[in-house]
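Each of the next two complexes has chain A plus one more chain, namely chain B in the first and chain C in the second.
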Partner chain A sequence: MAAFVKRYGSLFGMLAIVVVFWIALPDTFMTARNLLNISQQVAMLTVVAVTMTLVMVTGDFDLSVGSMASLAAVVAAVLFTRDWPLGAALAVALAAGVAGGIANGFLVAVLGILPFVATLATLTMFSGAAFVFSGGKTIFGRDIPQALSDFARAGLPLGTAGDKPLLLPALTLVALGMTALVWLLLEQTTYGRRLYAIGGNAEAARMAGVRVRLLRLSAFAVTGFGASLAGLMYMARVASANPVQGDGLMLSAIAAVFLGMTVTRDGQPHVLATVAGVLTLGVLDNGLTQLQVDSYVRQVLVGAIILAAVSSSAIGRKALRLR
Partner chain B sequence: MPHLRVTDLEKSFGAARALDRAALDLRGGEVHALMGENGAGKSTLIRILAGLEQADAGRVTLDDVPLRLGSPDAARAAGFRFLHQELHVIPALGVAENMHLSHPYPLRFGLVDWPALRAAAAKALGRLGAGHIDPSAPMGELGAGDQMLVRIAATLLPEPATRATTPAPWAYVFDEPTASLTGDEAARLFAAIARLKADGAGILYVSHRMDEVMALADRITVLRDGAHVATRNRAVTSRDEIIHDMTGRAMADLFPPHVRHADEPVLTVRDLSAPGLSGVGFDLARGEILGLAGLSGAGRGAVLRALIGDLPRRGHLNLDGTDLADTPAGAWAQGVAYVPRERRSQGVMLARALGETIALPHLARLSTRFGLLRHRAQAALVRHLAHEVRLKASGPAQPVAELSGGNQQKVLFARALAGQPRVLLLDEPTRGVDVGAKFDIYALIRRMAESGTGVIVASSDLVELIGLCTRVAVMDRGRIAAILPTEGLTEAALLTACYGKEG
Partner chain C sequence: MLSNLTRRGFAGSLVLATAISTLGQAAWAEGEKIAVITPYLSQPGTQFYVEAFQARAKELGWEVNVIDTAGDVAAVISRMEDVATQGADAIVLNVDPAQVGAGLDAAAAANIPVFGMDAGADPRIKANITSNGYAMAAETSVYVANRIGGAGNVVMFVFDAFPPVQVRGAIADAVFKNHPDITVLDRVTPDVSDGGIADSRAKMEAILQANPEPGSIKAVWAAWDQPALGALQAIEAAGRQNEGIVITGIDANPQARDAIAAGGNFEASVAQDFTGIGTTTADTVARVLKGEELKANVIYVPTKLVTAANAKE
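Let's look at the complex of A and B:
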């Protein structure tokens, strides 16, 4: 019984949350429109969390993703104000994310600085850089290309509900694409299996011929890419960029990966489990907002649910039976 | 003298019967070795004594009074103390404070009385003959051997007045204590054990190392498949008899006969220098098993680590006509396989499926051109290799941590076997491995050599080197002092060569 709770407890918990909202909000929660809405709300978080899964598989983590998301959006927006073409500005912003990720990876994997310390430092630096580039101001209105906002509002037609068309949002599609990509990387390529081996025992992996430094560094690079992509998605959605708008992503992304680890059999990060974690956070946010629960109370509840999930499963205690 | 008697002890885990009428008899003033293959029930017996497991049936008496075990506190109250190979110490705290972790600190005006704390520690260390350890030194600066002495000395601290009813500790259980000790450290530990024994303590000594047991023990109890096989007096028994008790097999069977190998070299090493090594040179022939002997620190393991590319190195290393790569990744790709000494920290991924540890160095071969993993090919390879090494496991998905030491080692052998390596590097291949698994591993090494792989074995087990290898290179302070053919070589002669100029 205890083992059953440990293994499936948080999965049932996630389902229970959905059921509770379904009952409490009979007319508005379990509707196609609301679910599609949730999928769009969590699209940015999904991208950050699935790429964060990559570094957490190797046993590292990255605190700088939130400020990297802000920085990428600011970089693109500043370039827009200087009349750069859309594609070039986005490419530079994404490249900045990859470069930031490589910097993190270099500090952690090559210099051997603890990920907590290294990415805490770069978090501060990226955040500072975002303020410097933007002059501390929000960039919005005509400076943000219309094409971006159009993209964020576009989607794949799924049919109609009432008289309005139902769209699978473009941002959701981006998130799905990134999820599929990271899943492929982690579960179906030798690259991913090597990352899991590093997480299992980095020293043993090195002795077995795995290029540990390079792979750890590369995982940070992918995470940096994911963070900057999420920042650009956010900018498209709100049609503005300011130096703090991505900051909230970091804690939620780490929370999502941890929530996901509570449903996996081996207590390790997995992409699809991370997505389950993201959806749990998204559903909570959406449902509690609809129930008009005060946003501060909401924070307390979300934190409590994360603690409940982690403590009911084994991962918080590393209860591994050794002989 | 206290007298602990365990009879008819039974314990099952589900369907698996760990103890089946096990028995043990420990008196104060003796060193009693407990031997048996992995899975023979030694650990279960100790865990029951320690109160970590409950016996299903059986009698435990202390001086003919039934003893109620079942919790660590009860074991402590009975005077038992347990010293495991992996010690729990707090590296940042001083020696004296580490010794007082389960004792109250001496106080003065309600504050810690530091001089008294150090004096108590120094006194206990002195009783153990460990006066060379400074009670105020940080624990982390001590070697593994001294840390163990500190842990033993802690049991000699006087019990506080509040626990006046508790009997003094009298029974010490050592579980593979020398696994991570150097020769000198082990010698100090043996001296400490002798002192404990002279003070009337009973020592239960669990070890796979026959040399130690034969040197140290007064009596030897052997368990096999959870049952008591025999308790023998060391003075009137022999290694052969003990090995026969453990396995039902004689020692001569351990080593298959030598085979002749070709003369054509697969690996030539000239002027190899690395941290701890200088001017090392030798040829390894196809199908040859070359031994590396020497005292601890002489550079046996360093040669292997330099060859696999774990140590920065200089020199001319030639593998089948090409330069040997200088990173582990490159060396594996060229067909060099390596089984490291530190199985847990450098070999396996404990928490992960054993199949992953096996497949790891071979992932490149198990993937398509686009890096996609061929799951079926991986599963087939793992299954084939697990069968090849006679791995006892429930399946490729079983976590390595659940396997016994011998089977963990077989996991590392399985992966070294894959794809017929040209050179196989083995560092202490049978360390912490029971006799049955040893036999399997020796047979495997032989089979690899017969199929043309050049094998280098670094080992501190001289019997193993003589039985297994065709030649043994004796290392002395980072150099090869001599290369001896093993035909007609005795253990004594090899040991003398190891001591070389130092001796």
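Let's look at the complex of A and C:
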């Protein structure tokens, strides 16, 4: 029984949240349009959280993803103001993300600095760099290419609901693509299995011939890429770039990965579990807004629900051990 | 035992959730549903006009839902989509509309009128209700120019990243430029992450160090009150409060009013009528809900110069 609770407890909790909203908002919650909205609202967080899963698998984490997201958007936007072509500006911004990730990986995996300290330092540096490049300004309006904001509003037509077309949002597609990629990488390749081995016991993995340093470094590089991609998606969605706009992604992404870990059999981070965590956060925001729950109460509730999920999983694990 | 515990936990959360939803349902049983969405609720000005809006809304019998996204602009779009799905009668925004275009589209698709409360203009916004930033900056920069007899060095504190504050700086630039004997010694953008006073003070201390001669700085013009207060602290800490350096701010927050009333270097500020902005926004929403077509898409609420003569009002 304890095993059952541990394995499925949080999953039932997540489903219960959905069911409660469904009952409380019979007309507007479980509609295709609303669900597609939620998928678009969590697209940026999904990209950050699934790539964050990679570093958390090896037992590290990355505090700099939020400021990297802000920095990438600012880099692209500044290049737009200098009349760079769209593709080139985006490529430079993504490259900046990978470079930042490699820097994090170098500090943590090669120099051996604690991830908390190393990425806290780079968080501050990336954030400072975003202010330097933008001069502290919000870049918006004509400086942001129309194609970018058009992209954020576009989507694959799925049919119609009522008299309006129903679109699978482009940002959702990007998030789905990134999720599929990371899932393949982590769950279906030797690379992924080696990352889990490092997370299990880095020393044993090293003895077994796994190139621990290089792999940990590469995980940070992927996380950096994810953070910059999310930053660009954010810029497309708000049609502007400012030096702090992505900062909030970091805590939510870590929360999503932890929330996800409560539904996995082995208590390890897994990509699809992380997505479940992201969706839980997104559904809570959407449902509680529609129920007109005060935004500060909403924050308290979201925190309490994360705690409830993590503690029910911890209690389950303890019971398993006692058995 | 354990499974009981956990089961009870779930039952508890279900009851809680049902209770929340019942509360929510009860909240929008009657009256027009108006959503107020802002990333900036914790800022003092925002609180004033949101409260004034709520007060007038109560008289009008509306159900107001105030949503704060704690600085997250993308979340404003998300909450606009949620509110559009849920079917509100009007949305009031307190964020630059240029950044929430996708949300404005969602509201337009659901035929929900959107209003700006000190937000910014956009064709998809019925009206933006705000103070005239150009006029406010003109009041204080002209005050400075007159007080120093149109000659001397002036330090400016600006914040061009935030469009409503940027226009203030642009006007002050023009006024000072129009006086050939006024020199802008420095145009400082303080770090505002700590509220703006501490960093402005540090910046001003450095400028005072660099200009030790009495009379080498005639005035400090700040685009809002916090840098003015920081500059005042720096001047007093440096013991240079008797050189006649004139300081002005904008917004006339309570701390600034106290400083102005004390009769020191901080001489003037401009009071926005936050309460008036909130009330006028509610009245404008009411006009549109009644079917009126608005001609002007920006509605200015008058402001007032605050000096030692009226700072205690």
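Note that in this section the second predicted complex is superposed on the first by the 311 of 323 C-alpha atoms of A that agree within 3 Å, B and C clash if a C-alpha of one lies under 4 Å from a C-alpha of the other, contacts with A are read in each partner's own complex, and residues count from 1 in each chain.
Note that contacts are C-beta pairs under 8 Å (C-beta built on N, C-alpha and C of every residue); 3 or more make two chains touch, one makes a residue touch a chain.
Given the structure is predicted, the values throughout are model-derived calculations rather than measurements.
**Q** Once the two structures are overlaid on chain A, check if chain B and chain C clash or fit side by side.
**A** Fit.
**Q** Counting only touches as set out at the top, which of chain B and chain C does A:Thr189 meet: first, second, both, neither?
**A** A:Thr189 sits against chain B, while chain C stays out of touch.
**Q** For the superposed arrangement, I'd like the angle with vertex at the C-alpha centre of chain A and ends at chain B and chain C, nearest 10 degrees.
**A** Computed from the C-alpha centres, it is 130 degrees.
**Q** Let me test your reading of the model: by the given contact rule, A:Leu25 touches which partner, first (chain B), second (chain C), both or neither?
**A** After superposition on chain A, A:Leu25 lies in contact with chain C alone.
**Q** Under the stated touch criterion, which partner chain does A:Ala204 make contact with: chain B (first), chain C (second), both, or neither?
**A** first
**Q** Once the two complexes are aligned on chain A, which partner has more residues of chain A within touching range, chain B or chain C?
**A** C
**Q** For A:Ala16, is the partner it touches chain B (first), chain C (second), both, or none of the two (neither)?
**A** Only chain C; A:Ala16 stays clear of chain B.
**Q** Once both complexes sit on top of each other, what is the least C-alpha distance from chain B to chain C, rounded to whole angstrom?
**A** Minimum over all C-alpha pairs: 19 Å.
**Q** Of all the chain A residues, which ones make contact with chain B and with chain C?
**A** none
**Q** Show which residues of chain B lie in contact with chain A when the two form their complex.
**A** 43, 308, 310, 327-333, 338, 340, 345-352, 356-357, 359-361, 363-364, 366-367, 370-373, 399, 401-402, 404, 415
**Q** Inside the complex, what are the residues of chain A that reach chain B?
**A** Residue positions touching the partner: 184, 188-194, 196-197, 200-201, 203-211, 266, 320-323.
**Q** Write out the stretch or stretches of chain A touching chain C in their complex.
**A** The contact residues of chain A facing chain C are 1-2, 4-5, 9, 12-13, 16-17, 20-21, 23-25, 28, 31, 33-34, 37, 40-41, 44, 134-138, 140-141, 149, 152-153, 164, 234, 237-240, 242, 244-245, 248, 285-286, 288-296, 299, 301, 305, 308, 312, 315-316, 319.
**Q** Flag every residue of chain C that touches chain A in the complex, lowest number first.
**A** Residues of chain C touching chain A: 2-3, 5-6, 9-10, 13-14, 17-18, 20-25, 27-28, 41, 63, 65-75, 77-79, 81-83, 85-87, 96, 98-102, 105, 109, 159-163, 189.
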